[in-house]
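Going by the order they are written in, the chains are A, B, C, D and E; count residues from 1 in each one.
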Amino acid sequence: MKTEDMIKEITRISGGNPAKCMKCGKCSGACPAYDEMDYHPHQFVNMVLDGRIEELANSKGIINCLSCFACLERCPRSVEPARIIEAVRVVTLREQGKNHLKPDGIPAILDDDLPQQAITSALRKYAK
Amino acid sequence: MQRIGVFVCWCGSNIAATVDVQAVADALAKEPGVVFATNYQYMCSQTGQDMIQEKIKELGLTGVVICSCSPRMHEATFRRTCEKAGLNPYMVEIANIREQVSWVHKDKAVGTEKAIILGRAAIAKVQLNTPLIAGESPVTKRALVIGGGIAGIQTALDIADAGFPVDIVETKPTIGGKMAQLDKTFPTLDCAACILTPKMVDAGQNDNIRILSYSEVEEVKGFVGNFEVKIRRKARYVKEDLCTGCGLCMEKCPQKKVPNEFNMGLDNRTAIYIPFAQAVPKVATIDANYCLMLKNGKCGLCSRNCTAGAIDYKQQDEFIEEKYGAIVVATGFNPISLDKFDEFAYSKSPDVVSSLEFERLMNAAGPTGGTLLRPSDRTHPHTIVFVQCVGSRCDASAEKGKEYCSKICCMYTAKHAMLTREKYPDTEVYVFYIDVRTPGKSFDEFYRRAVEQYNVHYIKGMVGKVVPEGGKLKVQASDLLDNRQIHIDADMVVLAAAIEPDKSARPLATKLTASMDTNDFFTEAHPKLRPVESPTAGVFLSGTCQGPKDIPETVAQAGAAASKVIGLLVKDKLIGNPCVAKPNELMCNGCSSCEKVCPYGAITYEDKPFRGPNRTTLIRRVACVNPAVCQGCGACTVACPSGAMDLQGFSNRQIMAEVDAICK
Amino acid sequence: MKKIAKAKIDDLFKAISEKEVLYLPVDDAQGQAAFIPWKEGLKMSGDLNTVRSAKDLFFPQVESLVNFKMDGKKLEIIDAKRENDPFVIFGVRPCDAKSFEILDKVFYYSEPVDSFYIARRDKSTVVVLACNEPEETCFCQAFGIDQAEAAGGDVSAWEDGENFYFKAVTEKGEALLEGLPLEDAEDGAADDIKKAAKAVMEKLPLRDLDLSKFGAGKTQELFDDPAWAKLSESCLGCGTCTFVCPTCQCFDIKDFDGGKQIRRFRCWDSCMYSDFTQMSAGQPRPTQKERFRQRFMHKLVYYPDMHEGMFSCVGCGRCLRKCPIHMNIVKVIKTIGEEK
Amino acid sequence: MQAVIKKKAKELLECGTVDRVLGWKAGEFFYDLTPAVFTTPEEIDKDFVFSVFSGANMSKYLIEETKKEGKVAAFIKPCDSYSLVQLQKEHRIKRENCYIVGIACDGMCDMGLVREAGIKGATAVSEKDDKLVLETIYGEKEMPKEKALLERCVHCKSKKVVDFDEMIGENGEENPDCGRFDEVERLEAMTPDERFAFWRSQLSRCIRCNACRNVCPACSCEKCVFDNPDSGIAQKAAASDFEENNFHIIRAYHVAGRCTDCGECSRVCPQNIPLHLLNRKFIKDMNELYGFYQAGADFETKPPIMNYTTNDAEPSVVYQRGGSK
Amino acid sequence: MQVKENFTPTIVAFCCNWCSYAGADLSGNNRLEYPANVKIIRIPCSCRLNPMFILRAFQRGADGVILCGCHPGDCHYTTGNYYARRRMTLLFSMLDYLGIEKERTRVEWVSAAEGAKFAQTMNEFVEAVTALGENKRLEDLRCKQ
């Protein structure tokens, strides 16, 4: 997919508009998984806008995002970063064979402290 | 049949590039009634106007059609031109072939065709135009200022200085408004009270100013130059003329647990109170919600102790009616409610405060006597986090917050940070900002001083959450420039809340028939050219009721509004708009349909004698329109079933002639 | 005399309509009889009479007279007159047939003649059908009309349970019957029908309506009768009576500016309307009393004055049925002139 | 009923309460009653008739009658009373110049419907149970009375006289479930093409006799726009499809919010066009969009079309509601 | 319905003087194109629009009529567009009831600041009316010749 189409696709899937971002960083300020992510919520928004999707696709961020929606909830501009991250993830996963993990590998990394929501969203992440 | 002259303007290449102006003039010259048609480079130029005047005289034109820019641009210009040549100005019609033709269409053939059709429509209308003469109405030389903050005070003082009587209606017991609550003012850091209270005193002592405190506008009737306003003087249970403001009653009042709104509820006051020491008028007011006497009929201490005998528990709301020539709206602002911002723990911790609360905490007359103490434990805070843009610049679809920038927060936050650091150098101050917006004289220098001289930590990023924990406020935020998330254990968090128009503004706008935007700011007649006038004639705007403003801007606008008011009040008569509704009495049924839809109450009914058949006289109820009150909206013309009511300048026949010409 | 079985009537209509347009009283969507061009499948109405009279076919409600075209300041005049095709009206009742005579006197024989009317009248062949079942509102006898004798047209016709009988009265009538799928019948074939009809006519409540107070030369006696005021009080001033009347003949000439073209047309007008014959000086008949009086005086006095005593009413009873407030010529005839 | 009304009418004249009585005058037949003004008890004895054919709405006559000197008595049926109030609201009737006697009503019959039932030459009528027995020149005929009832009576919206000085008979109640909008709903459910065909077939028969307008109590203009050459839309004849539509749309629009649904327009139409369906469409729309409103039910409420709320439905609501695509 | 080739509908747009006419001017200022078959008639307020004018436009062969006024609540005359809103709703409903295509009539609130909305509205409306084809149900044939 061409970068432009990727941007369009991600924007379409997310239902948000990254261009509305005023770069306040409240999303990243609210993010509980901030330190686990190499790219942070505000960067996702900006990088999607810039077309740096390849980098995001290969990042830990798309996997480590908890999908807790804190950023979405806090965003004053209704950019909804969580949905954009989810969209990047979906677009990446929809390219066959790009699964981050094979389903068999999941039990090994399961951890008692992992929030239920993360497991649920993991099911989406590893659905293919 | 009219003798019509058609003048097609090129507007340089603005029109001529997309419309064949020669072809338009040629085509329109063939229209019935047209005796002359020409085109010229700039019709609005002196030469162009001279040409129009010359042709009016030379050919005895009875109507003029100008194909040019929008009538909103130059209709008045061309009407004046024609008037000077002896033609009634309302015999002029404009065909808008610039904004609505040459600028929106690219194809010259298409543009030319449309220009011809619009020209025909204008000619068809002029055929039915009749000379109209504007009516006159007198001007009541008295102004009303609604709101007694700095905007209202300044406007009133300026109008009073010009020699016109002014009434200030203020809903609170004293004038002064928000500025009275401020500690220092940016960028000079002089104390707000020091510069405001002299003005309040001036207003209180000016012979031309009457302050109606603790009062509200109840009803507005009339129109520019002739408003009739009904004002409710709320019962304050204290006789204003007798109270000396000695304050003895406050000392004796047993009800001492009333949240003090002047100090943002950070401390308490008594049920009978004077909001603050410099209040004008310095008159006590009894808060009926708390007064034991008014609630239970048991107490009466204040009355017994008042040496002036000013207490009157039986006082009722009173109404006064007054006539005004002009009304100035200066209803001001309030910080938005922060209850919905859970992430900042505003409702959870008393140490998370709004900026205006912080202002009171810093103020010598405030709840802490000017020492900065945490509201929770009255200890000195060592780490303070300021959060900017709380509720400002939000998306329209967001549930909380406002779309606009509140404009003043960057500067007052810099002020707060600076003052804190100056008074308490041991305090770490963090300011989280999205952008620092400091356009204004000496503004950016002020902000830089906070950073450079006072070492305030300005962090580009936003606080994501604040959690009260173990006496501290755990602040989690992003630092976008460092691309890291930071965690601060703060003692206090100060939220720069967005500002919004006062809640009284919306109902007031309805009473005044003045328009508002979606944020409840009053709309100006023109955003650039008429910024202090409301579209409703005779209603002017002063201060933050029109949009966020700092004090210097507010004062400037207040003066501007005053000068507009003065400009209106010095006139002895106002020339009206002759395009008003006019009933044909012979056809009027007197059914009152028109009256029901008139927003101005311009229609009344009279029993009039008419000649009946066979030399009889019939008395019939017929509608009469007051041309000075009618604004010419035309609602009545459609409500009228018999078509007796018509609008001059936009008559049924004229509009239908335009329709016909367009659909030809 | 000719006849055709009722079962075969469609064959007859088909044969006529192959030659000329055939107008027939047919029930419309609301069950109201009206003369409309016959086409396959349309059945003749069972009603005694149409709501609007047969005069429509000669003197339509709206008719273009001339057109103008404007091009800038130029004006072009276009003739609106068209050639009429010949047509047949079938089933005209004797009262309506009589009305043609009344209209002819005005439009056909009085100068200036009405060329539009003449063109239509000349092209028409009228088949008059006798009334077997007249109604209580019929008072044509008062005007010398015999419901049993289908006079006044080109062909007279009668019907009974089984057959229609025809007798050509004029050359045009003969020409029409020529070549139609009709059987021959004896000359007295319709006599029984006529006898039955006459018996019914004897029972009609308005058969003895006395017109002796009216007629030519009675203007002086009747014009100021105080009863006009009383009678006209209830009149709504609508045009129902006028527009359903077979003899009302007033029209107005109006211009319609359609933007591209101006049409000058005439349309029926009613003397009951407040703007009838409005002049710049005002309305010559300022109240409903004068307008009301005009309508009946015209039918019962002025028209007879001008046309050898002939009344301009045929007693068809339409106004009796349709007036919203049931004021009508019968009440006028019975009331006016009574005081003396 | 007739006897009581006549007695009351005479009484009002005799004791000087009124100078004139507005009532129905006997005609040639049993059904052709004409509204008339009676000034003496003798006239009332002779000619006053109240029967199931006294359908004419008397309220409009009061416009002219109350302009005259003295007082006039009028007998007002429930549906007439709504017009009476509406006209007072519009300052068209001087209430102080009239004395209103409300009369209970069980529904009025229409001779057109009797004829439609195939009964010809009727000369007398009597009621037997719920049947009308008609003597005709062709013998005695009978028909169910309900078949001869006016449409407005079949779907009678109210049996309550809303304004009166005194009442003859028991005053009734409003009947909101009268089903008067059923036919409108049936039309709304049609496709636009069907609706267009329906109205074309109806309105094309209009002869512009103006009976609907002239009988209408809401149409009481000094000069109707259609009669006023200066209005730009005056026409004497429905000279085209457009004008047939135009006249009826504008007429219905002009009375919208003032029309009490008295049904006189449909009663008097010589072409039997169901004109009430136009008025009822407006009434139905206003009820649904702006809350129930009955013109003439009271003296205060503003007609919805001369009123508003800030959160009214947008005109685009029309795209969504009513009628299939 | 058959769409004639190259059918360009005639559209009459009634614009209130204070908001929508200014909005139309603004689309000119911003050079936002919309079809030339839209012709604007300036009226002081949307409440000046008599249903008679709409019918008149259709009579004379207009294929679509649109009314633009200030947003409800923003009327220069305070209440004008509220009345217009009710009047037009009822009128459009009546036209629909008579079987006249409801897409031919429209009301749109356009503020003085909404030049883009004005142009977009006109583009959409012209497109919708073009798709409907010629106005046949409410025209006066006498005006066509």
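Just so we're on the same page, a contact is a pair of C-beta atoms (placed from the backbone, for glycine too) under 8 Å apart; a residue touches a chain by one contact, two chains touch by 3 or more.
No experiment lies behind these values; they were computed from the predicted model shown.
Contact with both chain D and chain E is made by B, C. With contact taken as defined at the outset, chain C and chain E are each touched by B, D. Distance from chain D peaks, on a Cα-centroid basis, for A.
Centrality annotation: E (chain centre taken as mean Cα position, compared with the mean over all protein Cα atoms).
We define each chain's centre as the mean of its Cα atoms; on that basis chain B and chain D are separated by 51 Å. If you average the CA atoms of chain A and of chain D, the two centres end up 70 Å from each other. With centres set at the average Cα position, the gap from chain A to chain C is 87 Å. Counting partner chains per residue, chain B has residues 597, 639, 652, 656, 660, 663-664 touching two or more of them.
Counting partner chains per residue, chain C has residues 256, 259-260 touching two or more of them.
Screening every pair of chains for touch gives A-B, B-C, B-D, B-E, C-D, C-E, D-E.
Those residues of chain B that touch chain A in the shared complex are 343, 389, 393-395, 397-398, 401, 432, 434-435, 460-465, 476-480, 483, 485. Every residue of chain D that touches chain B in the complex is listed here, in rising order: 67, 89-92, 220-225, 228, 230-233, 254-255, 258, 302-303, 305-307. Across the complex, chain C meets chain B through its residues 70, 72-73, 257, 259-260, 283, 286-287. The touching residues of chain D, counted against chain E in their complex, run 187-188, 192-200, 225, 232-233, 239-243, 245-246, 249-250, 252-253, 256, 278, 281-282, 285-286, 289-290, 304-310, 312-319, 321-323. On chain E, the positions that touch chain C within their shared complex are 60-61, 140, 142-145.
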